[in-house]
Amino acid sequence: MSKINMGNFFEDFSIGQKIVHPLPRTISEGDVSLYIAFTGSRFALHSSDLVAKQMGYDKRPLDDILMFHLTFGKSVQDISLNAIANLGYAEMAFPNPVYVGDTVSMTSTVIGLKENSNGKSGVIYVHSIGVNQNGAVVLDFKRWVMVHKKDHTNLSGVNEVPTFAKTTPISQINIPTIKCVDTDSTGGKYFFEDYEIGERLDHPEGITVDNSDHTLATKLYQNNAKVHFNDHMMKSTPMGQRLMYGGIIISMARAISFNGLQNAQWVCAINSGAHANPTYAGDTIYAYTEILEKIEVNREDIGLLRVRTIGLKNQTPKETPTPKNEDGKYLPNVVLDLDYTIVIPKKVTEKK
Amino acid sequence: MSKINMGNFFEDFSIGQKIVHPLPRTISEGDVSLYIAFTGSRFALHSSDLVAKQMGYDKRPLDDILMFHLTFGKSVQDISLNAIANLGYAEMAFPNPVYVGDTVSMTSTVIGLKENSNGKSGVIYVHSIGVNQNGAVVLDFKRWVMVHKKDHTNLSGVNEVPTFAKTTPISQINIPTIKCVDTDSTGGKYFFEDYEIGERLDHPEGITVDNSDHTLATKLYQNNAKVHFNDHMMKSTPMGQRLMYGGIIISMARAISFNGLQNAQWVCAINSGAHANPTYAGDTIYAYTEILEKIEVNREDIGLLRVRTIGLKNQTPKETPTPKNEDGKYLPNVVLDLDYTIVIPKKVTEKK
Amino acid sequence: MSKINMGNFFEDFSIGQKIVHPLPRTISEGDVSLYIAFTGSRFALHSSDLVAKQMGYDKRPLDDILMFHLTFGKSVQDISLNAIANLGYAEMAFPNPVYVGDTVSMTSTVIGLKENSNGKSGVIYVHSIGVNQNGAVVLDFKRWVMVHKKDHTNLSGVNEVPTFAKTTPISQINIPTIKCVDTDSTGGKYFFEDYEIGERLDHPEGITVDNSDHTLATKLYQNNAKVHFNDHMMKSTPMGQRLMYGGIIISMARAISFNGLQNAQWVCAINSGAHANPTYAGDTIYAYTEILEKIEVNREDIGLLRVRTIGLKNQTPKETPTPKNEDGKYLPNVVLDLDYTIVIPKKVTEKK
């Protein structure tokens, strides 16, 4: 039985340990088409070589969230196969573009360990870095996960918890100088200057996700966490069915946010996020977005918007004035609370 | 809320108005594979570079109906997002081939407006033209849609209705001179000469469509009409569930028509069509085809067949002598009545 | 009606008859991505150009089982459209690699005929050979299928049954000399030397298959056997629903076998196989593998493992000590019994 990889347990990790995640992934046009089929995403930069060239690229780059899934999927078998809970993300950056034909891979370093007082589990903190075939960093983040212990009686008392910045520090933005934004092509006429802090965008679309959709996506990303695939196993759990991969909800919410943020075609950073409630096949996903911050980055062509997108299931944004109740707990239909930073061109780039 | 695109209403259109639909779409190999997965289409010209070269192409061109969906999808958000009903199509032509790597986009001109007497809605008529990245026309059609009015009290009385040809005028056929048709490769041994006016082909295949299939397809086409995606919203309508995009049925019927029309690998024109009844997940689609007309086009290698394909749900062609009852109404299991023109090689092209 | 291809019946076959299956298929990146989405397959050689180059290829070759489906699908309409049962396979070899851009096609020769004594049906035996666009053999196998007779009264008494080798003779292995296996990339640290005859690997993953998944796959392979697609027709059979294409189970079992056989990235031969019980949408597939034989092939870099993978539905390997009961009959949850030969590098190839 020893040839079977059963994933790592709390005792298998040590501070400073470096893990090379297997399965470098070459990205193809098939992945890109499937992503549009899964999400209905309409951001023009990722759908059209013409738009990409007009803006200053040689060809269309990958949607940042698709790149995230294809790169992140690699780490599941080493980090979170035995996860009790995926607790959080921090300081996530998307420093360089990825294109069809690129091969992405990832390594993680253990930066923190905290044994739970019950002796049955612990939290591991890792710093994960994804690179392309040339070594350029395409994904950089910290993550913490609660995993089972093998031995419940032997207490190590380890308690080394790193601290994280509230928002991802933006060190570099490898976006070419935007030559021209043709709003007839992108489908949106609003630029950096048009958004106001505190503004809320209630995206009208709702998209229902079915079992085949979400399992096809999660398998495409080679994310092998069993809870997403194995209905036979899940039927004997309190959930009673397959749990949707949380990344599916991030993708759906981002795709739905197109209507109102058409020109914000880059995700620059994910500052923090919570999967507030589980989602299952048959749920209809809605989303609304609040503008939290407007950030200048010493460029004349682009600026950043720090935004918060709330993902909902089976409840429209109009029916959701706030995501939390008076006690600060998420309402039952809130499924995502994502604080992230997007890039949007300024009016000077508008095609006249 | 003003940044959200809620689609256009009757008052937003005016005669002569030109609308540039956003989101030019670069077509990939992934789109082609997904289309085969959605439909099971087996037309050899679109599956095989070897067959395409043998016939006179450099490589396999896109299936015409796939091209239609990818191009047409762009117009939904401007024309039919608030549609009460998609009433009809006319004079639809597919003048030039499309290949993987091409980028398609579309513009529409308003050519007619008719306010309904109840003041609540009206019909808009548009002429839509799709082009590739070089400006060559790949799709050209007229369409009319009933849309809501914003203001039910203010009656304009506008009533400008264009007239349409009964069948699409065929001005050009940009198909290379067919060098050779190898019936061992195409799977069919019948040519232009073999078909007779009035002949009926009862295609034996039936294909069941599920929710994931049809929503993946419609999202791939970036057609964002809510009725196809949002089960939560549809549950509060008389339909009670997601309505399948009518284009899915055109695709299924065309793919099913392969058995009997294997060598008719091009759709040259759609003359008219009706989505006679709605289709939902779980329906099994069947089809039969009648030969309406045989048309010579001054070419020795090819001729045209004007045909009528009847799409059925959960009822075989054998069980369907006619699509309409004695009162001229469509029978409840008839879902498509499509009058279109296909190209088929003549016997002279047959590989000996 | 005569233009409709209703498939061949027993009387349509004769010994020595050669059948050219139509629809040569050009393989695309879309097919490869869809295959990963269908199966979650993680064999590194097929996912990563970097790994393929490291091992001695120019780029990643196709997964052998995907190639099998795309090539095999062509033969259904000629051989098995009227099949009562697909009875068996023998001597199946995968002699040459296939790449994206290749076009595969297949021909079959009838090598045996046996009329059943009831006069209603008979068994046909064919030898099928798939080639790429250059004529190189990519798939070679024997197969026997029970098909209906047209005329139940006219008895021919034909009884010519070929014999088959118990295991596929391995004549050639067109795998480049393996330069280097980086176990950090492949995800597995075991080589030819590490496996022992009699060893059993209980693969822990279970994957649920839904209707959209399996019908999308079977349509992608252009396998048009009606039982897999037509729910309307199947509702009037004892099965009551669509039957999953047996090849789906082979794919799932092979993908699941990754955990324990990560470095065995080639299927060299399928010696024999049985679809022991039918599978339907909603079934969760598990698998375990036994090492039957270790075979040296006069190469220093690789060896062969003859293995037996048992596919299960809704029952884990741990719950399945043996696939058959005391009477030698398959247990009801056993769905696949596959005897096949895989290639695995030796330790000398390991990257240090």
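Chains: A, B and C, in written order; residue numbering restarts at 1 for each.
Here, contacts are C-beta pairs under 8 Å (C-beta built on N, C-alpha and C of every residue); 3 or more make two chains touch, one makes a residue touch a chain.
Chains and their UniProt names: A, B, C = MaoC family protein.
What you are looking at is a predicted structure, and each value in this text was computed from that prediction instead of being measured.
The chains that touch both chain A (MaoC family protein) and chain B (MaoC family protein) are C. Although chain A (MaoC family protein) and chain C (MaoC family protein) share one sequence, what matters here is the overlap of their interface residues, and that overlap falls short of half of the numbers used.
In whole angstrom, the spacing between the mean C-alpha positions of chain A (MaoC family protein) and chain C (MaoC family protein) is 36.
Within chain C (MaoC family protein), contacts with two or more other chains are made by residues 28-31, 33-34, 210-213, 216.
The touching residues of chain A (MaoC family protein), when paired with chain B (MaoC family protein) in their complex, are 28-34, 36-40, 42, 44, 47-51, 60, 183-188, 190, 194, 201-208, 210-213, 216, 259-260, 262, 282, 284, 314.
Residues 1, 3-6, 20, 22-26, 28-31, 33-34, 77, 103, 105, 133, 210-213, 215-220, 222, 224, 226, 229-233, 242 of chain B (MaoC family protein) are the ones touching chain A (MaoC family protein) in the complex.
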